[in-house]
Every structure is written in structure tokens, then in C-alpha cells.
Amino acid sequence: MRLQLRTWPEVETYLKTSRGIIMPIGSTEQHGPNGLIGTDAICAEHIAWGVGEATGALVAPNIGVGMAAHHMEFAGTMTLRPSTLMLVIRDYVTALAEHGFQRFLFVNGHGGNIATVRAAFQEIHAELRAAWGPSAPDIRCKVISWWENESVHKLSRELFGASEGSHATPSEVSVVQYLYPGHIKTAPLDPPTAPSSMFYDARDYRRRFPDGRIGSNPGLATPEHGKRLYDAAVAALADKYCAFVNEE
Amino acid sequence: MRLQLRTWPEVETYLKTSRGIIMPIGSTEQHGPNGLIGTDAICAEHIAWGVGEATGALVAPNIGVGMAAHHMEFAGTMTLRPSTLMLVIRDYVTALAEHGFQRFLFVNGHGGNIATVRAAFQEIHAELRAAWGPSAPDIRCKVISWWENESVHKLSRELFGASEGSHATPSEVSVVQYLYPGHIKTAPLDPPTAPSSMFYDARDYRRRFPDGRIGSNPGLATPEHGKRLYDAAVAALADKYCAFVNEE
Amino acid sequence: MRLQLRTWPEVETYLKTSRGIIMPIGSTEQHGPNGLIGTDAICAEHIAWGVGEATGALVAPNIGVGMAAHHMEFAGTMTLRPSTLMLVIRDYVTALAEHGFQRFLFVNGHGGNIATVRAAFQEIHAELRAAWGPSAPDIRCKVISWWENESVHKLSRELFGASEGSHATPSEVSVVQYLYPGHIKTAPLDPPTAPSSMFYDARDYRRRFPDGRIGSNPGLATPEHGKRLYDAAVAALADKYCAFVNEE
Amino acid sequence: MRLQLRTWPEVETYLKTSRGIIMPIGSTEQHGPNGLIGTDAICAEHIAWGVGEATGALVAPNIGVGMAAHHMEFAGTMTLRPSTLMLVIRDYVTALAEHGFQRFLFVNGHGGNIATVRAAFQEIHAELRAAWGPSAPDIRCKVISWWENESVHKLSRELFGASEGSHATPSEVSVVQYLYPGHIKTAPLDPPTAPSSMFYDARDYRRRFPDGRIGSNPGLATPEHGKRLYDAAVAALADKYCAFVNEE
Amino acid sequence: MRLQLRTWPEVETYLKTSRGIIMPIGSTEQHGPNGLIGTDAICAEHIAWGVGEATGALVAPNIGVGMAAHHMEFAGTMTLRPSTLMLVIRDYVTALAEHGFQRFLFVNGHGGNIATVRAAFQEIHAELRAAWGPSAPDIRCKVISWWENESVHKLSRELFGASEGSHATPSEVSVVQYLYPGHIKTAPLDPPTAPSSMFYDARDYRRRFPDGRIGSNPGLATPEHGKRLYDAAVAALADKYCAFVNEE
Amino acid sequence: MRLQLRTWPEVETYLKTSRGIIMPIGSTEQHGPNGLIGTDAICAEHIAWGVGEATGALVAPNIGVGMAAHHMEFAGTMTLRPSTLMLVIRDYVTALAEHGFQRFLFVNGHGGNIATVRAAFQEIHAELRAAWGPSAPDIRCKVISWWENESVHKLSRELFGASEGSHATPSEVSVVQYLYPGHIKTAPLDPPTAPSSMFYDARDYRRRFPDGRIGSNPGLATPEHGKRLYDAAVAALADKYCAFVNEE
């Protein structure tokens, strides 16, 4: 049910019975010595596709580069400025809203996106109100990260305990290993579980987390764990999507 | 050689021997009754991956939503405003330039992107000059559409003649059929070959081209033709990439 | 220790021993039938002043109008668009950074600001990096809402239990009653404790929460409770400020 | 009559009989060796409050940081870029206009704001016209500096003669001493009356006016003079406000 | 000495002995029943050329469309938004500054431009400071309207007295008649001298001044008066230019 | 038929029978050792005037500074950033559209403008659609460079053959010599015909084309050739204008 794999008459038909759409958003940023740069983009996109299949919902194209300014000291990281990402989200949502879509569930793969995504939602509401006043379309946007649900959370804890950490986690690395079994990387992880703390800008990040990981041991990742996490995420988000589009 | 399937240390290694990167850019817009909405995005991305494999070049994440404002009267079309797309390109290029990339070959799947992409290149040069003066990095950006080469052009003409048209062409539909054989659509095309003319805004477009096609008969598309076109495009663009990164 | 009540030579002297500053940020928005429109602005500003006195830190001028787009269906509410608020924060921080300030603790009075404030911090880092590269100043920005600490949280729960709610809370109304005893308002609250749920845009907000409150009974507010909450907040934030400026 | 000290139902009631509002705007910038950094913000805000009391008009929150780019060589000065300040004014005015306010009298405390404020008014008119055409709201904005009236002008001349100067004037310093008697500063002023000329950017300003004053001797300031000036300003502006809201 | 009539090597030579340049800025807006829409643009451009000849200074291309939002109810009026005009001025000045120009005298033909032009100057200073810090180029910008000098002022008063008014004045119409004798228009002016007052937005302007004039009787205009005014303006501004570039 | 030489009532009359207007756009940039910096601006403006006379169409004021970022290594070149130029074009078109103009033929003098001009057209369509939806005005914008027609092309080839080149061409230099016979410059051209290639940014441009010319020998220019080219361009564009405004 990827929007990109449909024709326009098919979308027209879809809109007769649903005004909901799933919006994957990830990031293209370092994920430690053995995590792929596309980890967050891949997780968001594939889990969104899974939710689309489970629910019959359309899935918009992935926003594969997100807000990763704090990872910019590591080669290969890409980032949109928050102000750019807000415009991208504004354009995605308002284009789809012109066709009649009104319920936008953003399936997120990167914690660093959330503030900007939420700011973008408010910007959209403010812009539509400024342009259309009381006749603005009734748009609802919601963002959920794929790990933000009890079943994934519980499974991560069960599988990896305190080694889950918060960046380049064994959970997300596992999901990617499951989805791209031909691209499983190994690399020395020293220490096995990375240090953990908060951080400020990109230089500060690099100083605190020299190999890019935060609090995690992605050496524990396996494709089998990835499958379980993926399935749990899809199931949980499918429920959330249905609740969202049926909300009054 | 997708950037997203690499780790940051691998990118660091890559940069020791190359400063080139391939940037796919497509569009998510109606492609007539039997063409997929993702046609341009899919062609750009897959051909870019092919070129990456042929040359060993890294391929950045796809810009899957481009400038398609003139297709907005057809359901499912998405578009970035030109001003937004310019910022996206600015952010992609400047992020990668921070790591040392300096040669950016944009492999384009949508004619409607070209003006904005070129304007973006100039904006990038102007911004870097304003910020850094004579110490600005030596960035070179080039955009080539995948059909802009003698071998693809000749093959299209040979396969489809005057029915190639200029939007929802049998060539691009064929390439997508080859890449996504499970998503081949059929639909009545009336007339078989669509009318052709120039156009202005989205309403004007819809008035002139009621089913979205311009001058084309995508009913002639086949996956076999698609494979030939894909191979020709990859080969031609691989040559162009090598010439580009080796230019003095 | 308000910056505005100092002279420039005094600030020059201050900067010889400290590079920290407190940045109050509130909002000007409806707070239900008996809450003042300036509730969030007043709380943020006065608590920031208290923290300044307790720690000897300078306090910048209040950002009294924040991101309150979702309250716009109630008369008197003011809002900055997220994109505007980001520029304001950018200008505040970069102006102060030119003089040598490097540690910015935002004392926040409005949950609706947080996403935008965090996006702004990343925008600042990205802009400074784009302009200055490795010689960008070492800026650290942090945002804490005045109720985000164990002692205030506990006190609120003890005083108001489930009637605290999440907008126009008896806690914030109490603090304002303590600070502006001449402006205590009474109004019928029907039902005494307002309904609670999440919400989307301004119209949706008004539909769900017809008098503006969410989940709260601000009829329980008293100036005495306000004083206790104020003192608790100042003490907790003073500790946090000291920890922040002394962080490595 | 501060907007922030009202509830939303009170504002709703106010709008039944008046569509006018007072908008204080100041600056946070150096005011010489003995003038407070908040001088312009304090004068604008307190005089606006006085006018509000005298006329029954609502007073919006202060814009406490204005356009002070030319003072940036002195520690503690803050500034918004003109483009940012224009957006802030746009957001303030359009938010209030949504509720029905239509007459905006900006009470200004800083000469350096005026050009930007006036440009902002035109930007607002242009934006509303672009969005709403003939159904745009009938907005009127006017800016008056508190010293721009015959009575204050005469009093300043009488009290300080040629030592009034044009920045860090004894008049504004007096008003602040009256309003904040606990924060009266003394500092050597050498020469007693500062040099005077026009100037360009911040570096040029510092070169010409090494201690920040232009043409003034703020050593002559007293709280008693301040009271007289404050009263004169409030009376004059109250008249102007009434004339403004009653204009045809 | 128009820049556009020089070659680049000639400009390189010029810069060896001067860093000054004259920047004409006008407007394209209604000028009453018998005034040309280009009045302000024509006056600014031609007087700037005259000053260039008198002083040997280079003259940049005219900014022929200015800030005329308040004239938009009259056919043919064009306007830049203030925010756009600020960017245009920013781009003009910074482009020329890259070559070494540092003294920019804006010769203005339209009162409505002034606020925006001044805001633009501050924006330029702020941007250069943000990008370059202490190594920013030493730019000085100044704006003078062609009638802002004692000799033109006196002559206008002598020729037209109270019928000069403030928009579509006999002075400016005379100058254009002198410069474009083939385009002298006649039209009934009723009343001969137009009403005068301040005004707010475009609709308000049209309501107050139904034929576009403010306080003027342009029926008194003659090409002979125009020549005298033109000569006086050129002489006065030539003096001001020399003083400006020689200022310390 | 220059708009600037008309009165507003004349424009009102014009709009009763035509909704078309000609928009000249040029550039202010180096044109080699003997070409004037204003070459592109002068050609566009004068040819537009000629077309206006031939067709009775109004001609808007020239956009004399275009997108010339790649020429910035040569003294005297001016440029707007693409993003600025897009706003200028947006403001020009939307201001005129308010009065009822709907057909905008941009007569272009500089190849480097085209991408940005086309991006601007799409931005305008997108903005109007966002603000007005189905009731947006029916705007059509088209850009044609003055040499883009068979008769000029043929004449250039006949007159200059392979020495025409692509920047600082003998054709454009001839046109300017014809229009400004008092400003014909001579300079050594070494080699007589400049090298030719593509290029990237301004530094790259200067390195490849040290005197600014690309592939041309402007030493062949004469005012007589210029007259022939000018006449051919005016005739060709007059035809195109008539076809454009009469298109269905």
C-alpha cells in the first residue's frame, strides 16, 4: 500500500473510504561502528510499510534525511536544518491535504526528529489558519516513534536489558539486520557498552561518545531479534493507526 | 554502495580515495492511468543504485518528492515548493561537503525538477561564498536526467517512436515495470496516444491532459523494454559519473 | 540580577567570572475562566528572577509570547509561529554569545513551547557550524519547565491530586495569585474538574475544552499554595542551574 | 489593564466596546556607564501601562528586545535582526487581529526600532492583502515614541538643555530612576557630556562613542525629573491613543 | 558613470581610487491623474546619474520597484514586500562589497521606501557581523531622498507653496516632465489641490485620496520648473556624496 | 508603452482590452574586456520596449540585476541570490495580477536567469494555490530569451559563425553598441576567440575564462550588426507575444 506504487485513479478511489495516511520519517546518520547510516530511515520506512499492509492504509514516501545536526562530526551523516525539515513536513502534509487526506500518522525512526516534527505540526496549523480561517481543512497530525509502545519496549528490555542504551541500540541494529541480512557488519566495540549521558552540539557529542554509540551494545544485535522487534512494532502501530483514524 | 547501507567508518575510508557521490532525485506525482505515482522517484533511485554498483560510487538517499506543483490536480501527487526543494538540496550538499564530498552528480527522474535543482546549485555557491569567501570548499554539482544520453534516447525512439511523448512515457513506465513486476497496472488509455502541448499551472495541466499523460502511449510499456532502458541508462550514467569526478 | 537592571560595564565584569545566563520563556494564552492570560509568562519570569537571586546568575528579558497556536480560539491569546519563535531564540542566544555567554538555561512556563525551543537549539548549532566551522563558540542550551522537578511535582500532587490536570492547573494559577495578589479572579467552573484528552489544532482544542482548561480545577488555587510552589521551584531550578554551568 | 492580567472572558467582554490595544516596544541595549541596559524596555512598558490605566485600554506584553544591532559592541546588548523583529510584530498583530483587535498603538522606547516597526506594518498589510484580498481585516498600526510630543520635549529641554543628547539621555535615565529607585547607578562620565554625531555599524558606533552615550550627560538624571517626564509622557500618549481609536 | 555602461576592467581601475557608489532607488506606483507611474523611479535614476556625472562616482542600476503596498488600489502600481526589498538591498550591497565598494549612497525617490531601506542597512550589518565577526568589511550605507536638502526644499516652496503636498507633488511631476517631455499628461484635477492627511493601508489610502494625490496640485508642474529642481537636487546631492565618501 | 510612462487611469483603460504585459529581465555582470557590464540588462530592456511598441503591449520595469553568482570574480558584477530573485518575480507578478494582468511574457537577456525564473513561476503557482485554492487567478508566465528564435539564431550564425560563443557574444555586444553608440569600447582580446567549456562556481569560472568571455570573439561586434539583430529579435518576439496572449 505504498502511495508510490499506486496510480492516481487508485488514490482517488482510496480517498472515498479513508482520509488517513502513514508518513514514515527517519534519519541518515552514524549509528556507531557496526550500525548502518540508514538505520533510522530503514526502520521507519519498513515498519511503516508493514503497518500499511496490516491496515490497508496508504504509506507516503519516506523522509529519509531528518534532523541529525548533533551527529555531524561522524562521516556520512546527513541532516536537514530544523527550519528546512519543518518546510518539508509542511509541504508533504499540505499537498496531501489538497487531495483530501486529513489524518497523518508519522511513524518515526529517530528521537532527534521529534521536537522539529511537533513544531512543524503547529506551523502547519498556524499557516492554514492564517490562509483559510474558519474554512481551513480539519487536519490532524500525530508522531509516534516505532519503539514507543509497551510491546516493543518490553521486548527490548527482555532481549538487551541495560545494554539497550539510547543511540545505535541493539534493537534498531537488529531490525536492520533482519531487513538487510546481506549488510550485517561487525566491528570492535570498545567498551562493549558505550558511555551514556546527555549532550549538546555535534562537537560535544563526539567528545562524549567517540565511536558514536550512546549507552548501547549493538554487538548483541541479531536478525532474529530484529524480526521479533519488527513484528511487535508493526502490530502495535497498526493498532495505534486504527485508533487514530477512528478518533472522533 | 548506498550510503545508508554503510557505517560511518566505512564512509571515512571511502573519502580517502574519492570525493564523489551520486544524488538521486525523483518525484511523487501522477503518471497517467497506468503509471505509478512513484515512477520518477523509483527510476532515479534504482538507476542511481545501478550507477553506484557500476562505478563503486556512494549513492545518497533519494529525494523522492520533487517539484510537481503542476500535477497537483491529480490525487496522490506530492510536491515541494521550489523554495523548499532548494533548501533540501542545500542541506544535503552542505552536510556531505562537511565530510569532504565535493563532486555531486544528481541523477534526476523528473524534468520538472531541473530548474529548481539548478537554481539550488547557484544558491549553494552563493551561500558558501558569503560565509567563507575564498576559503569556501570547491563544490561541483551537476544534474543529469537518466534519459539525457544518446543510448537511452535512441532506444526509446526505436521502441516507441512518436508514442514516447513527454509525461507518463512508455519508457519510464517500462523501467518501473521491470523494477516492480508485481505492480504492473493496466487501464484504458483513451486516446491511446495522449495530446501534447505546453502548459502553465495545475488547472491548466488538467484541462489539457485530462488523464495526466502528455503525448505518450504507456500502453506500450513492457518490463522487457524496461530492462533494456535501465541497462542503457546505467551504462551511460556510469560513464558520465567517471568523467565528472575526473574532470580537472 | 536582571540583565535589564544592569549597566554594560557591570555585565562586562560579570562575564569575567561566569558565562551562564537564565532565559525565561513563557506564553500569553488563555488559562481558563479564572486564570490570567499571562500565567505562563509570569511564572517563568518570576521564577527565573528567583533563581537569579538565589544563584547570582544574570536573567535575560522574558520571552513573554510563546507558541500558543492551539489556544487561538480564546480571546486574548497571542502566539508566535514556531518559525518565528525559533528566530527569536536564535537572535537572543547569538547576541548574548557575542559577548561571551555560553551556558543558556531556559526556564520555561509553557509545555507548548518545548518542541519549538528544542528545534531552535539545533538550528542555532547548525547555523553557527555553517558560519564558523570548528571555530564556532561552544554554546550549550538547555530548557527546563519550572514544574519539571521532583519537589514541585510532589507538592502539586499533594496539594491538588488528580485535580492538577495539564492546562490552567491549580499550581500555576496559585503561583500567579501569590505573585499578583491584587489580580485574583473568581469564576464559575463547570464542571469543577475539566475534561482531559489530547488534542490537535485550535478548533479541536475549543471543541474538547470549551472553557479552556484541561483536566484541572483551578478553583483550588490559593496564594499560599502559590508561595510554596514558587519557593520549591526556585530552589530546584537554582540547583539545576548550578549543575548546568559547572558541567564539564 | 495589562492583557496578561486579564482572563479570556474579560478580553471577550472588552472587545465588545473597544477594538484598540497598546503595544509597548523597547530595547535591551547599553545605555552608557550609568544607564540600565533595560532603559528603553522599561520606559516603553511602564509608560504603556500608565496610558492603559489612564484610558482603560488593554496593554499587550512588551517587546523587550528590539533592533539594537548598532550597540552590539557593548556587553549585555541584545538585538533582534530587523527581519526577525518584523515577524514578531506580524505575529503579535495578526494574533490579536484574529480576536477582533484592529487599532494597534505601538508605544516605543527606542529610536532604532522605528524603521523596522514601520516596515513591519507594511509587511502586515501586504500579507493580509495577499491572503484575504478585499475581505482582509481593517487593521491600523501606528508607532509613537514616548518622547515624541510637545510636553515631554519641552520638559526635557527645560531640565537638561543641550545635555539631553540622543542616546543614554538624562530624560530616559531619569524615568528609569523614578521607576526603579533601588537601581540608581553612579559612574564617572568623562567627558560629562558625550560627543555627538551620526554613525554606521556597531564598530563605528563604539569608535565614536567609547562609553556608549551620544551627546548626553545622564549624570543630570534624578528620579524627581523622571516622575515629571513619566507623567507628561503618559498624559500626552493617553490623548494620542484616544484620538487614534476614535479616528474615522 | 553608470556601472552598467562600464566594463569590468574599468571598474577594477575605478576601485583603485574610490570605494564609493551611488545607488538609485525609486518606486513604480500611481502618481495621480497626470503623474507617471514611474515618477519616483525616474527621478531617482536620473538624479543619481546627474550626481554621478558631477562627481565622477559610479552609479549602480536603479531599484525601480520599491515599497508601495499602500498604493495598490490604483492600477499599475507595483510593490516589493518590505522583506523582499530588504533582501534585494542586501544582495546589491553585499555583491558590490565583495569587489571592494564600501560607501553606498542611496539616492531615494519615494518616501515609502525609507523605513525598509533603513531596516535593510541594519540587516546587512547584522548578517555580515554574524558571518565574519571582527573581520567583516567596513560598510557604510546612507539614504537621502532627492528633495531632502535646503535648496530643493526652498525652490519647491517658492514655486508651489502649499500646493506642493506630499504625493504626486508638482515638484516631482515637473522633474519627470523635464526628463520626458514627450510624456507630459494632462487630466482634470478635482479639487485642484488634493486633500491631505495620514493614512494606513491601501484601502484606507484610496478612500481618503480617491485620485491618488495627497495634498498636491500637480497641475502646476512644468518642465521648466523641473529643470530647476533637477539641477538643484543634483548639486545638493553631489555635495552630500563627496562629504559622505570623505567622512572619517 | 512602458508602464512607467503611463498614468494609473491609462493602465485602467488598457486592462479593459488586454491582460498581457511584457516583463524584461537582464543581468548586471561582466561581459569580457570590451562588453558592458549592463549588456544583458540593456538588451532585455530595449528589446522589450521594441516589442511593446510593435504590439501595443505594456512593458513593466526591467529586472536589471539577475542571477549572476558565477560571474562574481569579476569587478562590478552584481547578483541576486536565486531565492531573492524568486521573491522579486513573485512580487512583480502578484502585484500586477491584483490589477488584472494575467499573461506575463518575460523577455530575458541572460541564460543564467532561466532556471531561477522557471522555479519562480512554479513558486507563484504554488503560493496562489495555497492562498486561494480554486479561486486563484488564472496566471500564465513564460520566459523567452531574445536570441531564442530562428531569425536571430540564423543571423548570429551568419554574422559570426563559430565566434559567437556563449558569453560576451559578438551578437549581444553588437546590440548594445547599436543602442549605446557613445559607449563602444575596444580592448585587446587574447586569444581572439575565447576558450569554451562548461563550468561550476565563480572561482571555477574565472580559472577557465580569465577575461570573462566564453567561446566568443566580441571584437567582431559592430553597431550595424546590432541593429539587424535588434530588429530581428523585436520582430520575432512580437510574434511570440501575440501568440502567447491569444493562446486558449
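Labels A, B, C, D, E and F are assigned to the chains in the order they are written; within every chain, residues are numbered from 1.
Note that in this section a contact is a pair of C-beta atoms (placed from the backbone, for glycine too) under 8 Å apart; a residue touches a chain by one contact, two chains touch by 3 or more.
A quick note: this is a predicted structure, and the numbers were derived from the prediction, not measured.
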Quiz prompt | Path length in steps (a step moves to a chain that is touched) from chain D to chain E | solution = 1
Quiz item: Tell me, which chains sit next to both chain A and chain C?
Solution: B, D
Exercise. Tell me which chain's centre, taken as the mean of its C-alpha atoms, is farthest from chain D.
Key: B
Quiz item: Same residues or different residues: which describes how chain B and chain F meet, taking over half shared numbers as same?
Solution: same
Quiz item: Taking each chain's centre as the mean of its CA atoms, how far is chain A from chain B in angstrom?
Solution: 24
Exercise. List the centre-to-centre spacing of chain B and chain D in whole Å, with centres computed as mean CA coordinates.
Key: 53
Exercise. Could you list the positions in chain E whose residues touch two or more of the other chains?
Key: 72, 79, 81, 83, 98, 129, 131
Exercise. Please categorise the chain-chain contact pattern as a line, ring, star, complete graph or other.
Key: other
Quiz item: Each pair of chains that touch: what are they?
Solution: A-B, A-C, A-D, A-F, B-C, B-E, B-F, C-D, C-E, D-E, D-F, E-F
Quiz item: Which of the residues in chain E come into contact with chain F in the complex?
Solution: 2-12, 15, 28, 30-38, 41-42, 60-62, 64-65, 72, 74-81, 83-84, 87-88, 90-92, 95-96, 98-100, 180, 183, 185, 187, 212
Practice problem: Using the touch rule from the top, collect the residues of chain D that touch chain A in their complex. | Solution: 94, 98, 131
Practice problem: Could you pull out which chain F residues touch chain A in their complex? | Solution: 129-131
Exercise. Within their complex, state which residues of chain A touch chain C.
Key: 67, 69-70, 72, 79, 81-83, 86, 112, 114-120, 122-123, 125-127, 129, 134, 138-141, 200-204
